[in-house]
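One chain, subunit A, links the two complexes that follow: it is found with subunit B in the first and with subunit C in the second.
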Partner chain A sequence: MPTQAKGGTRVWQRRERGRQLAIWAGWFFGTFIFLYCFKLISDKTIWFFVTDAGRQAADLGVRMVPPNWSYINELWEPLWDTINIATIGTLLAIVIAVPVAFLAARNTTPSVAVVRPIALLIIVASRSINALIWALLLVAIVGPGVFAGILAIALRSIGFVAKLLYEAIEEIDASQVEAVTATGAGRGQTLTYGIVPQILPAFAGITVFRWDINIRESTVVGLVGAGGIGLELNSQIMELSWTSVSVILLAIIATVVVSEWVSAKVRHAII
Partner chain B sequence: MTDVSVALGRRRWKRPPLIANPLLRWGLVVGGAVYLSFALGTTEVNWSRVWEGLPRGKQFLLAFAPPDFVSRWDDILDGLLESLWMTAVSTVIGIVISVPIALGAARNIAPLPVYYFCRAVIAVSRSFQEIILAIFFVKLFGFGPFAGVVTLSLATIGFFAKLLAEDIEDMDAAQAEAVRATGGGWFQWLNYGIQPQVLPRFIGLSLYRLDINLRESAVVGIVGGGGIGATLNTAFDRYEFDSAAAILIVIIAIVMGLEYTSGHVRRWVQ
Partner chain C sequence: MDANASMLRLERLVKRYPTGDLALKGVDLEVPRGQVMALIGPSGAGKSTLIRCVNRLVEPTSGRIYLGGEELTRLGMSGLRRARRRMGMIFQEYALVERLTVMENVLSGRLGYVGFWRSFLRKFPQSDIDEAFRLLERVGLDQMVDKRADALSGGQRQRVGICRALIQNPQLLLVDEPTASLDPKTSRQIMRLICELCAERDLAAVINIHDVMLAQMFAQRIVGLRLGEVVYDGPADGLTAEVLTDIYGEEDWSATIQKDEGAAAEEDAGEPAAAETLRPDERMAGLT
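Presenting the complex of A and B:
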């Protein structure tokens, strides 16, 4: 137990002296990095605009109320597109992610040395790049519209679904697979009867979870031209019609809340 | 085998389905099919435009071999460093603000009014996408990394405070009570009774959030929030796919490196 002599009596302290010093050094170093980074950012900031922000925010707030409710009638179609982007994107992602997950899982991959690293690279590449960046790229390639949004959402989701799924595959109970193999089942039968039933609940949970995230993401892919309600948001901001912007924001919140509720219900039912 | 199946009146084994209720199961299948046909029916795809763009897609894929790091290197480095600063600063600010909110949002240690207030703060900061927040902060604070930092800090609060609060709610109450029984004050109770229990998760979450903030810092730039996103946006707008490929590779490499490091640190903490 670390103690320290203080006027003849030994007093308890939490850590040894060296360790305590190391922790202090860590804090010092961390604070230094933080302050240094902050200074660099502060140099690039026009502080007049920042100090002015309160007034700007109040001004914006005044312009946004009352919401232009009649505008909601023009929003149903973009909202429908947004939901479609998320749903079809998720389905497309699953179609690609499932084989990738089986190739990436240590216990199902045909080759640990060759195929697994490739599958892992696909997963990392898809995960590191945000849906908005994918959208930016796809709008340049396939043109603006819902299709680019669907592809962007799908490409971003592949990594997420495949990663969680391959972790689930690696955690399965091997004895069940062995039991199926022992009956003389082939590779395909082992897969469908030994592995798939074990990961099916996890798979359903992951899918719904990702769909929920995709609803949020699909509200913004439109900002770069990939369809959905983001497109509408962008154009209304450009036109400075703030009363319509507030309606769009409320519509987005409502959609997100509903999708979260649906996903929570479904996951609750599965698990 | 055949004998047995004859004896059982040719009953065959079937796999148990995921959803036990057949009405619900078929309802979901039919509902899904109807929805999909509607969704696909109303999704307009301009195939001729897609077809036109395919050579450009090929060009993009070819740009990866080899990517052009050189001609825009100054811009890339500049954007990248800015992204890294933004990540560091916003993660720290976000976490510093999150900790008191997380304490307030843990049902087992906070009084009810404080709990509701903190939960409301979390709900508000979680309800919007980073990008939408960024658009407004760019309007308020002007173009540049400051708007990005505010956006990412706010997004960090929603994520970090929520998960930390859940961890505090899951802690062992006996340890905290023991500290209180020795006559420790509120801060001592916090520091010796609660903090050691949530520390591993705290560090894990911080690293995870650092990782997310880095990725997000690449996109807030698209709407004017500073960082590598602005460089990337310009590269795409000018169809300079080789520079864009270089930026994407750099982002992927940093994310991979961070993931690898954070994995090690988390194992070391636990």
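Presenting the complex of A and C:
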């Protein structure tokens, strides 16, 4: 109790004395852990390489300029592949994620005891595995190439889209659904008139946002052989042709900037 | 079914929520055809539960409900959907589908009559569209057909809600606090509109309302509910201080009763004329 009687006047403090001491102890312990960990890491670090880092980076930078601009003509196709991996992967994810979201949302699931946990499991499984790891697995299963990339992006995106969408479904205004139900509408009609209009802005926002993320992720999945510009990047690094690497990096940055711009425009238009 | 038979009959209606709260303790009630009945009572008296039990948005625990001659409490899912078409419902916060247009909202009242794909593709029969235009004109919204519902003011939204209920061609209106979110002037206009439309169509109506004066002004019959039990059932002028104390508890009721006597003459006077065009974000300002 922060309020105490002290000789007739009531003194107010933010916290009790014991609680305040516990908080100080917490800070002390946290600082100790931080310093201890720093020492452990420091002992295992070769500080020569770290102090050398600036010179190495400058060296690499020098070798990257001037960019090998003529190389860009070989990049259009892998760049197109990358955009396709992101776009088709996102579409594939949506097709699966939408039903999963309706099965996972507490207010639309046919069974809270059985179906909902299964849907949530699908979401967690998809989300907990990074696109790069999905790609590694899929390259082994379906072979290297764009198809493995699309599947990797799709599998990773299902959980993301389904999770955000089912949260949007759970937050809808129930009275609008009630009103549609009260007219004698069937289940499908209640869904399309009562629920879908309410989640449509969220759905559009989530989709474009995920597509934007997928553009970035699809540049990475190529590193393990799943097609797109990452594949090109990997081979150029292996060949140590740094002037080409810089062109690829600039191309990726340009693509990401454009995709961010597109997604911002689309989201603004819909919401 | 003859014209004098009851439109709605409740027999020993009980609702116990899963939390254990007993919302309705065996309510018996009969509403004849064409009667506008106001249901008054304090918050938590079971008014909303009662009307939601009638169209089974809330499943009654026990008791029987008859609409016309049909026992609603025994119907299966498809039978219930057909029965719901005969009961129009009007809601407190309008409950329009905010992102659909006025026309789509009105036509959604026909969902019980139209198949899934026709409704999905918005291919409603021309007769429904004609009726929608007629109703919107009747409530003075024929200029608003293509506006989105969230662009309307509170009073306009409630008119759309009324059209949605009426296009069902119902025999009974269930009205849940139609004026709770409206300013005093709009409240009266909406109540008057509902009562006029009920008279035009010989509709029975159960109107939940917490504004006692409005209830007295517009309803032919008043039923008082307290803690899930009917404690008053009679004409509007039978609401004495004792009766109101019975329904709501001890309070000085003299002002409420006195005002009622002059209410018919002074209604609409004194309220700002601009109230009708209040924007949605300001509509709580007129909360009575």
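Criterion: the second predicted complex is superposed on the first by the 239 of 271 C-alpha atoms of A that agree within 3 Å, B and C clash if a C-alpha of one lies under 4 Å from a C-alpha of the other, contacts with A are read in each partner's own complex, and residues count from 1 in each chain.
To be clear about the criterion, a residue touches a chain if its C-beta (ideal position, glycine included) is under 8 Å from a C-beta of that chain, and two chains touch if they have at least 3 such contacts.
Note that the structure is a prediction, hence the values are computed from the model and not measured.
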Partner chain in contact with A:133 - subunit B first, subunit C second, else both or neither: first
Broader residue contact with subunit A after superposition on the shared chain, subunit B or subunit C: B
Touching partner for A:188 - first (subunit B), second (subunit C), both, neither: second
Subunit B versus subunit C as contact partner of A:147, first or second or both or neither: first
Touching partner for A:64 - first (subunit B), second (subunit C), both, neither: neither
Touching partner for A:34 - first (subunit B), second (subunit C), both, neither: first
Contacts of A:266 with subunit B and subunit C, given as first, second, both or neither: neither
Touching partner for A:118 - first (subunit B), second (subunit C), both, neither: neither
Which superposed partner A:175 touches (first subunit B, second subunit C, both, neither): second
Which of subunit B and subunit C A:249 touches, first, second, both or neither: first
Overlapping contact positions on subunit A, where the subunit C interface meets the subunit B interface: 193, 197, 200-201
Complex contact set, residues of subunit A against subunit C: 173, 175-176, 178-186, 188-189, 192-194, 197-198, 200-201
Subunit A partner contacts - residues on subunit B that touch it in the complex: 15-16, 18, 35-36, 39-40, 42-46, 49-50, 52-54, 56-57, 60, 81-82, 84-86, 88-89, 92, 127-129, 131-132, 135-136, 139-142, 144-146, 149, 192, 215-216, 218-219, 222-223, 226, 229, 232-233, 236, 239, 244, 248, 251-252, 255-256, 259
Residues on subunit A engaged by subunit B in the complex (per definition of touch): 14, 30, 33-34, 37-38, 40-42, 44-46, 49-50, 53, 56-57, 60, 80-81, 83-84, 87-88, 91, 124-125, 127-130, 132-133, 136-137, 140-143, 145-147, 150, 193, 197, 200-201, 204, 216-217, 219-220, 223-224, 233, 237, 249, 252-253, 256-257, 270
Sites on subunit C touched by subunit A in the complex: 55, 57, 81-85, 87, 89, 91, 93, 95-100, 104, 108-113, 116, 119-120, 161, 164, 168, 174
